[in-house]
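Per-chain numbering from 1; labels A, B, C and D assigned in written order.
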Amino acid sequence: PEFLAEFQKRIDREEKIEPNDPMPSGYRKTLVRQIGQHAHSEIVGMLPEGNWITRAPTLRRKIALLAKVQDEGGHGLYLYSAAETLGVSRKQMTEELLSGKAKYSSIFNYPTPTWADMGAIGWLVDGAAIMNQIPLCRCSYGPYARAMVRVCKEESFHQRQGYEIMISLAHGSPEQKEMAQDALNRWWWPSIMMFGPHDSDSTNSDQSMAWKIKRFSNDELRQKFIDATIPQAEYLGLTVPDPDLKWNPEKNDGKGGYDFGAIDWDEFWTVVKGGGKMNVDRITARQKAWDDGEWVRDAALAHAKKQTAKKASATLAAE
Amino acid sequence: PEFLAEFQKRIDREEKIEPNDPMPSGYRKTLVRQIGQHAHSEIVGMLPEGNWITRAPTLRRKIALLAKVQDEGGHGLYLYSAAETLGVSRKQMTEELLSGKAKYSSIFNYPTPTWADMGAIGWLVDGAAIMNQIPLCRCSYGPYARAMVRVCKEESFHQRQGYEIMISLAHGSPEQKEMAQDALNRWWWPSIMMFGPHDSDSTNSDQSMAWKIKRFSNDELRQKFIDATIPQAEYLGLTVPDPDLKWNPEKNDGKGGYDFGAIDWDEFWTVVKGGGKMNVDRITARQKAWDDGEWVRDAALAHAKKQTAKKASATLAAE
Amino acid sequence: MGNDVLFETLLRLADNHLILGHRLSEWCGHAPMLEEDLAMPNIALDLIGQSRALYAYAAEIENQGRSEDDLAFLRLEKDYHNILMVERPNGDFGHTMLRQFLFSSFMVLFWERAQNSTDKVLSGIAGKAFKESQYHVRHTAEWIIRLGDGTEESHKRMTAATAALAPYIGELFEADAVDQSAISAGIIPRASDLRGAWETQVRSVYAEATLEPILDHQAQTGGRIGQHTEDMGFLLAQLQYVQRTYPNMTW
Amino acid sequence: MGNDVLFETLLRLADNHLILGHRLSEWCGHAPMLEEDLAMPNIALDLIGQSRALYAYAAEIENQGRSEDDLAFLRLEKDYHNILMVERPNGDFGHTMLRQFLFSSFMVLFWERAQNSTDKVLSGIAGKAFKESQYHVRHTAEWIIRLGDGTEESHKRMTAATAALAPYIGELFEADAVDQSAISAGIIPRASDLRGAWETQVRSVYAEATLEPILDHQAQTGGRIGQHTEDMGFLLAQLQYVQRTYPNMTW
């Protein structure tokens, strides 16, 4: 209890907690879960966009998409490394992902049937992710905060890139415009749900706030996202699929903001619990990559051991 | 020797040899090799055309192509059955195909890059096959002769179907006409080579002739094929890729026929010996089907055994 | 009921059959044994043949100058209204057989009743398709039993196939507003009325196959309104290849 | 030498890089380890980037109003003039690495000399590509060694890959009349001149990897004049999907 109070003081002084610092086991556990989940989301998140790499419509778009998906892999790598500083291995985390014990962001269980989804994901999904992630750059745990600084920089580039795809489509042919609208229709609500349950239903939030792992509530971030995104949709000339959406000058302490319709939490929970269109396919794809790659990882290990043994005997001979 | 003379007399009287009849081991061996090779050709022959089933341009063409490839499987089945009457199992023959010990028609080692190849194969490859096969309907070995009667009936249907594809293309758009010409360019010489080496270089031919397994020489059949096919090419308005092709009124005992250019036997032997563009892919595809199917065949066998055991114990219990 | 309901009804049926026929045709030349290199194309031919009759009739009903091939080959992904089950990748032979068994067990009941359709053309198509489906059920049921009650490995694979296909069962029995209209007009039978008979049939085969039935899994849906899984785009890339690459030609 | 030789030369180079980049990009998200999910797209990005520069320049040289994307996406199969090696399916990770190693070991020598091309644009492209290729060789060579001299299984797989790719080596060193013209004009180096250095490099890596080199197998050719293996059509069906389905649009 004394230690806990001391720890809280450090947090309150905005000191960064580092890997070798003493920390409450709850703090460590929360971080391992959250960073792991975040890393898994990056990795699984490669799949819905990876789906269009071989079918991208131009060389420029193909290069940008490939680079983007690669960046996501890079984010996964930073984040796994941050989690490893808390004493959990990448292999262990991967196995938890594959067994279903560890979660990843539910948004990646929606399919990407059209090219416009590459725009919508960048614009909306990355947009929502950035809202969530910018505060994490000031997270109390140092390695996570530093990883997030790098992630956020790249994410906002991705978001612009996605929005730019939307512009091309929305200002393109009628077929392209329809494709863009259809993508917005499908991605709008899932993006809104990315901020998680309403504050009133959110568990563990208070403790995370106190520990400064989390700095804004789900509903605060959601509102910020909606307020930022609606003008962008208007610029595109697309219709946000929410009939209850309305400007409310009273909101945000009189600065104004948007009222929006009720979120279908049944759908949210269905997808979280494995009922999304792509849940099974996503894990199957990851499992297949893992299984197919086993011989490669084994061989790399075996080769490294041989090299070490060779060096050792060379050193011995030289002595 | 007395037996051999007696056997030859039966052959000369045009009697059919049946599975349980005594026969010289050379006769049996020749037939096993030839029928097996013929069966393998049907099976491997499913692949180049199977390549277009999922991409056929219309429903009518897709149905016809699928039915055709299925027929080839059916021919394989008749022929394996005919070979089995000579005491060799399908499994054994399949293993010989996969190991490379048994051959199949070299023509199937050419790729099918365009839809026009579905026309050219039907027209030229099936056309050449029919030339080869019609005499086999009168082959001295009964089961083979009877199998060939069924095969030939279907093959001539396939040939008409292929030619009909060529007509659609040759009388279609400039792109289609070019596609048809390109296919003719690629399939002409390989089809000509399907009749095998020149009589002067052909081994084993005399004995096969005497035994009435074979009834015409390679060169006779080749000439018949060319004479029948050139007018068809003319009707299509396509150019046969042989600058030396010329009507010769002296040929065929004064009935006239076509002179044609020198055959590139180096290419022929290269492909026979495994150097065709698709040799490795063909065997790899068959090997994969065989390997992937092993658990199915094993299960079918295991289930059949269980059923037999059940029936036996039921019978026992009833006694 | 307007022609648009009949058109949409025919299209959904046609798409189911074309896409499943397409998947099945992918096996041609790669089956575990020669007999199945004949049997699978046989079923595929029936399915694609049925789709052709349905597209031809749909084109006629639509009366906008589109042909059966325009409908089959020249729509966007979201305009294909097949159920998700039929577009799923083949998986292993057991998975393919089970998918076909589940689908054909439904269709045999559907076609049987559709013989009494108020639409005479559809009832004619149903008569032929009913007979064909009976063979599809028989052939695939035999394989489910053989593989379920075969070796340890085959049992394991069939158990996996059972689980993998379970989410795609519910969509068979769905009915949206379009279906409701078609049902009310007596064009097609009510799918939910067929569920009892379907389950009896399927349970008896699963039992003989020593497989645990999973028939009430939460359903994946959306196919009817063109919301597909990611495999669909790749299937269409092949299906439409020639028509898209060489537009407006006769083949 | 006419512009047509330069155009065709650029196109062949561009096609090689696009198609191999495409194949490599198929791995993205499916690699054996996260590090390779970064490394393979890295190489793919270099290759596709090189192809883009080459197509853009080829379009300029052709001067017929075609864009880099028209060249990359809107030709018929027979008009893609890449060598066969680059279109071969990925196989397992070892096969993919070996293909890349064989190709990049050639390209590094090619680009090194092409820096002195009489064509200034190409020599500029070569300068950048040379540096990139050095990394490709280094990265893939490390894997060949690791996998060749790893476990028994990895050695077996690499031996199989060695045999599978052997027939596609010869085409790297071919030169037809077009190539000859381009060589005579000093646009590109003579491929056959590079064979010695290439073999030395490859043999030394194979040796360290304890792999038996098969470098003089009878060559499969035809890619240069658009005669492809059957895998190419399926690759193009994906590559061209959007452009063919929605013609004449801006993306």
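Everything below uses one rule, namely that a contact is a pair of C-beta atoms (placed from the backbone, for glycine too) under 8 Å apart; a residue touches a chain by one contact, two chains touch by 3 or more.
The UniProt protein names, listed by chain, are C, D = Phenylacetic acid degradation protein.
Small disclaimer: the values here were computed from a predicted structure and weren't measured.
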item: Fewest hops from chain A to chain B - one hop per pair of touching chains; value: 2
item: Pair of chains joined by more contacts [C-beta pairs], A-C or A-D; value: A-D
item: Remotest chain, chain A as reference, centres from CA atoms; value: B
item: Separation of chain B from chain D, taking each centre as the mean of its C-alpha atoms, in whole Å; value: 37
item: Inter-centroid spacing, chain D versus chain C (mean Cα positions, whole Å); value: 42
item: Residues of chain A engaged with two or more neighbouring chains; value: 55, 175
item: Sequence positions of chain C contacting 2 or more other chains; value: 76, 233, 237-238, 241
item: Topology of the chain contact graph, where touching chains are joined (line, ring, star, complete, other); value: other
item: Touching pairs among all chains present in the structure; value: A-C, A-D, B-C, B-D, C-D
item: List of chain A residues in touch with chain D within their complex; value: 43, 46-47, 50, 53-63, 66-67, 69-70, 73-74, 76-77, 80, 90, 115, 165, 168-169, 172-173, 175-176, 285, 288-289, 292-300, 302-304, 306
item: Complex contacts: residues of chain C adjacent to chain A; value: 76-78, 84, 164, 167, 218, 220, 222, 227-230, 232-233, 237
item: Sites on chain C touched by chain B in the complex; value: 18, 22, 25-26, 28-35, 37-38, 41-42, 44-45, 48-49, 51-52, 55, 68-69, 72-73, 92-94, 145-147, 149-151, 153-154, 157, 238-239, 241-243, 246, 249-251
item: For the chain C and chain D complex, residues of the former touching the latter; value: 76, 233-234, 237-238, 240-241, 244-245, 247
item: Partner chain D, residues of chain B touching it in the complex; value: 48, 51, 55, 111-114, 175, 182, 186, 270, 275, 277-278, 280-281
